[in-house]
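Going in written order, the chains are labelled A, B, C and D, and every chain counts its residues from 1.
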Amino acid sequence: MSDTADSLQGLRQRLAEFAAARDWDQFHSPKNLSMALIAEAAELIEHFQWLSEAQSQSLPPDKINKVRLELADILIYLIRIADKLGVDLAQAAWEKIEMNEQRYPANKVRGDARRASEYD
Amino acid sequence: MSDTADSLQGLRQRLAEFAAARDWDQFHSPKNLSMALIAEAAELIEHFQWLSEAQSQSLPPDKINKVRLELADILIYLIRIADKLGVDLAQAAWEKIEMNEQRYPANKVRGDARRASEYD
Amino acid sequence: MSDTADSLQGLRQRLAEFAAARDWDQFHSPKNLSMALIAEAAELIEHFQWLSEAQSQSLPPDKINKVRLELADILIYLIRIADKLGVDLAQAAWEKIEMNEQRYPANKVRGDARRASEYD
Amino acid sequence: MSDTADSLQGLRQRLAEFAAARDWDQFHSPKNLSMALIAEAAELIEHFQWLSEAQSQSLPPDKINKVRLELADILIYLIRIADKLGVDLAQAAWEKIEMNEQRYPANKVRGDARRASEYD
């Protein structure tokens, strides 16, 4: 994949045009978009709710493809909200990873996700 | 921002290393990660639930910064799930945008988000 | 409605029988049920995401009926989780209301939902 | 517990008074309440996201108590939304259970939660 195709800025630009062409910016308040985003996150949840963890790790191909498009929907709304709020999403993620690096020192939380969530 | 910093692949790689260093892959089943993702999406919701749409569009700077880090958390878990399932997130998003382009023709859904959601 | 029909215990008993008749208790871990519950909560969200607050307050009858059944789904899963965990849901709600009474004194938070959420 | 204490109508009435005393009805549009509800559902999710299903079935007492109050929060917002929309929650649940009884015949879906969700 070219650098452009993998870039969040490229998607941000494309999605802004998509909304503008449909005059949908009027609906795309951060409040509304946060609702659309969580609704998509829940469609992801639905794929996994009755599966065991092991089953969720080895989905059949047709299911993978459905899940893949749910992940796309989440990313799409996430990029839209960030754009509406003037947030650089990739920059924010890199910054948050640095914060997590400090907050969850590898030697203290190794093998214990619950300990990590207690720090939250 | 350099192309690398804005790239989803760069973040994917960094997050895989982060989890490996903590031996957290054992907790990172798609099922569990979908739960972590929706929990982060809900933290975003909490920022907006008592605000009007207009207020959600003009957040004060300290609030923007908090929201920014929630958006980062969502992206982080989204990238992790995609990685665990072997999904190329950017490619999926581009494909979904093409599907949406067909599904919601600009001249049919202009100015009507509800009509769009009826097609879902 | 009779006292029984309005009672949470009556629903709890009915739902336990429903699951037992289908041998579904094996899927009804609190973890899985929490996922099913949030998926239903998201279906509720979807009805409102592109509406204004005012529109959400005056839904047309066919929409009310759909929303009504989403609310039922949420209650059903909520009762199931409480049952599985041995929690008396009504008792917990009364207790939480007492806690909220202390936490959000009427004279301090009147007319300000945001102040309330800051206390959370 | 007395019939009244276990009744949804009793809680509905109490919660309406609670909101009125704080002048919070202005914030309690169905749209906003659906956001508050899903945020509480996500707090439930957070308790379970890194636990195995088995662990979620045998929570330690201090954790049960926290989860218990999350369940209460969900019920509280659920009752509020129903009240705002003029929906009788218990009646809706009984009706939905009858629908599910038809939709998921015990002899067809026994032991198979995934089959059930395919019918959704």
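Basically, contacts are C-beta pairs under 8 Å (C-beta built on N, C-alpha and C of every residue); 3 or more make two chains touch, one makes a residue touch a chain.
Computed from a prediction, not measured in an experiment: that's the story for all the values here.
It takes 180 degrees of rotation, in steps of 5, to superpose the Cα atoms of subunit A onto those of subunit C.
Over half of the residue numbers at the interface between copies subunit B and subunit D are found on both sides, making the touching surfaces mostly the same.
Spacing of subunit A relative to subunit D, judged by their CA centroids, is 26 angstrom.
The centroid of the Cα atoms in subunit A and the matching centroid in subunit B are 2 Å apart. Along subunit C, residues 27, 32, 34-35, 38, 41-42, 45-46, 48-53, 113 each make contact with two or more other chains. Within the complex formed with subunit D, the subunit C residues making contact are 1, 3, 5-9, 11, 14-15, 18, 21-24, 26-27, 29-32, 34-35, 37-38, 41-42, 44-45, 47-48, 51-54, 56-57, 59, 64, 67-69, 71-76, 78-79, 81-82, 84-97, 99-101, 104, 106, 109-111, 113, 116. By the touch rule above, subunit C contacts subunit A in their complex via residues 27, 32, 35-36, 38-39, 41-43, 45-46, 48-50. Residues 34-35, 38, 46, 49-53, 113-114, 117 of subunit C touch subunit B in their complex.
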